[in-house]
Amino acid sequence: MQRSTLVRLKENLELKNPILVVGLPGVGLVGKLVAEHLVDELGAEKIMEVYSPHFPPQVLVNKDCTVRPVSNAIYLGKAKENDVLFLVGDHQSTTTQGHYELCSLYLDIAEELGVLRIYTLGGYPTGKLTYEETVLGVANNTDLIEEIKAYGVEFRESEPSGGIVGASGLLVAFSKMRGIDAACLMGMTPGYLMDPKSAQSLLKVICKLFDIEVNTESLEKKAEEMESILEKLKEKEEQQIQEIKPSEEDLRYIG
Amino acid sequence: MQRSTLVRLKENLELKNPILVVGLPGVGLVGKLVAEHLVDELGAEKIMEVYSPHFPPQVLVNKDCTVRPVSNAIYLGKAKENDVLFLVGDHQSTTTQGHYELCSLYLDIAEELGVLRIYTLGGYPTGKLTYEETVLGVANNTDLIEEIKAYGVEFRESEPSGGIVGASGLLVAFSKMRGIDAACLMGMTPGYLMDPKSAQSLLKVICKLFDIEVNTESLEKKAEEMESILEKLKEKEEQQIQEIKPSEEDLRYIG
Amino acid sequence: MQRSTLVRLKENLELKNPILVVGLPGVGLVGKLVAEHLVDELGAEKIMEVYSPHFPPQVLVNKDCTVRPVSNAIYLGKAKENDVLFLVGDHQSTTTQGHYELCSLYLDIAEELGVLRIYTLGGYPTGKLTYEETVLGVANNTDLIEEIKAYGVEFRESEPSGGIVGASGLLVAFSKMRGIDAACLMGMTPGYLMDPKSAQSLLKVICKLFDIEVNTESLEKKAEEMESILEKLKEKEEQQIQEIKPSEEDLRYIG
Amino acid sequence: MQRSTLVRLKENLELKNPILVVGLPGVGLVGKLVAEHLVDELGAEKIMEVYSPHFPPQVLVNKDCTVRPVSNAIYLGKAKENDVLFLVGDHQSTTTQGHYELCSLYLDIAEELGVLRIYTLGGYPTGKLTYEETVLGVANNTDLIEEIKAYGVEFRESEPSGGIVGASGLLVAFSKMRGIDAACLMGMTPGYLMDPKSAQSLLKVICKLFDIEVNTESLEKKAEEMESILEKLKEKEEQQIQEIKPSEEDLRYIG
């Protein structure tokens, strides 16, 4: 395998107003959480698998001890007016050149399937520990920006100032050359850990965009689990600080 | 040399129920030790050599001061009902892309030779210093898992949780797309050093699978050598701890 | 995208005595500052865009929240006797091989457009904090060296002794094989930060070479900004040293 | 430039018993020093240049301020019974794959020119600071080993035990598949610095092999320079140790 390989599980697809939603692993796993949640809730069906020599040379082990290669996959679901394609996966490219090659392949697929619009989902690292409901956006044209603003997405001048690394950014920028409208929507997240809370904020926006409602129970549960993990981490940390901080007696003893 | 190169030392091979056993360098060198031991004990003959720009740019020096490039090789031996192909070698790929390219080449060879099944051999790093007899497995289908369980191989839910890196994993996962049954069998090993003891546990399972018996003397000798090396390392370490630990007198002196 | 991609925004260009000026990011951003300043001042027009899998896998965000891929671009302006092509961009190649591939592409373009001469612009890191007006040069033939000396460019035996890394050097060296005269002109710079002051020295030389005059106000303003930033950094540093340096009283206390 | 490029400066070469001597940069620069010395002393003429995207993306500056790309080159000289080709250069490949690609190119050239034998020259790092006259060898067949032994080259069982990295090793190993006799000859060297003394030992062996005598004055001069540099380094080091070691008075003062 010298180049990325596309395996088609369904032939002769005829799609109605298809939109591509991309949720690959990234900051806080926000995009991945949202896209995989929608795949589950909409009962989307896997139609394509992508393998690549740019993914880690590694296999993953399923619950039943069978193994599968690292892959990306495209699922097909329905959301009222639109057929929705979901691009999800285990990893992004591990190499610079692979990022460009894979994005080029994904845009070939989008063109072939007549995709009208692409939403790439991601996290926006704030570096702060407090949560924010905000969803930030960028897009590949100003008309689309105006349209999306109406759904509560914030657009801040020149933000993210450091640019966007990986598939979420490249797909939006390069889809312009293919004549496809595209936006990247980012949930604000501390960015250090998986962030199902930020995923919920982002999911709300997506649901508004598609005019659908989905059950968010499993995301809420994940958010609760993360919060209890964080709580325990904090306790441990405080305990350690307590242990390190010398008591007044200790200080006197040294003196 | 832009791509990996296959050198065929034998033409027109006609094999009987061929099975491929893969023992490339990895954790504890467990897989390599077992496969090379079987090559020796079964008097298997080299039939193919593989050179690759993804191997280290290095040559190895033989006892007689001739040199040879880093390579992988395929040997052909016989084990009762099966012709057995052994894939062994000096190194795995040094690059991500090379892992995928080489595995693709090995599966082309397996298909060409009509291989019915692939066993990749490896080590499972426990991170503990105590030895365990256990051999752990994963496979590319559940029927094979049921079959192999009968030979004493353990299958633990979702284990190894970190996946399997390198040829041992990739070959099992991608052989599914070629319609070839494949399993990865891993001897438990601390993982820090060459582990001929773990290799013996794994060898026992392989012998059962092929219904053969082989002399294990040389592996036992290697195991004894490693144990005496470990013994010396431990002694040294204890001595150092002794030297660092201040005696009571020292403590009093400071006081 | 496996290789770099050239997008032509204008067809059938007919140029008069075309000269290529290259100002890609490098030491002190000196070359980039000068070339982009000239693009602005001469009202040069973008005629080509270059995308490459060797650029960082990243997009940049415009003021209006639209995004664009990392790219290099060629602009066309006029300077008295010459049509001037400017090669500017966000990044140089991130890989060794990409540097060679991109330089090869740029020289193909130069040949196609009948470029007579190439000036690559860069910074020469002195490692000292004091500014120098000097502009240092190297070229791909001695006749050109003699010609350029007359414009105040210094040529020092075997300097830079460490060679020149990146496009500025490669383009000058490899243009010789294409029969194109080329020189690299370097503003002396401490090399640690963006250096609009060094850019001004280099700009002066370029203007003499093209026999043009351009407004330098914006560069002067940038230079002032950098100086005030440096001033603040120095103050902070001195403050910290002050805080660390124990006062005489402190010393007595310890004693 | 996607692949390495060969520039031929002479066409229709007809060579008499051609032998290839390879002296690329490596441990102690021993091979490079010997090969370049022979190029000078035999008045060998440059017949080919090799450029590669696997060399550093850098140009070197000549004394007269012209620049040249990093390259390897082949020179042609005469030594009694043999036309001798010298492969010398600024750098070896910076990538694993480049090493294999370049060696493949060099062996294509050797085959095309009818090369009968290849000597690759290098240094053998001893890690000790004392000099040894010994020249160590490996080869691609035992007949050649026996022949070369007569010229004072030592062959030690399985040495170098760590193998040989880079072109010196790869060319010897892979030339076997082309039916070309080849040996790697290594001067013993501490390995930390350029070692013209070890180069002299290796040069002696080469002169015997070709039955020629060459002036070694320039190498002797370089050796003297290196020794005086080493002397100064030692003095400095001793001075520093002196300064760090507290005198008895200092100790009392602290007490």
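For clarity, chains are labelled A, B, C and D in written order, and residue numbers in each chain start from 1.
Rule of thumb we're sticking to: contacts are C-beta pairs under 8 Å (C-beta built on N, C-alpha and C of every residue); 3 or more make two chains touch, one makes a residue touch a chain.
Just so you know, these numbers come straight off a predicted model, no measurement behind them.
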Proportion of interface numbers common to subunit B and subunit D (over half same, under half different): different
Subunit A-subunit D separation of Cα centroids, rounded to whole Å: 52
Mean-CA-position distance for subunit B and subunit A (Å): 37
Chain-level touch network, classified as line, ring, star, complete or other: ring
For the subunit A and subunit C complex, residues of the former touching the latter: 3, 93, 96-97, 99-101, 103-104, 137-142, 145, 155-161, 163-166, 169-170, 172-174, 177, 184
Contact set on subunit C toward subunit A in their complex: 1-2, 7, 51-69, 94-95
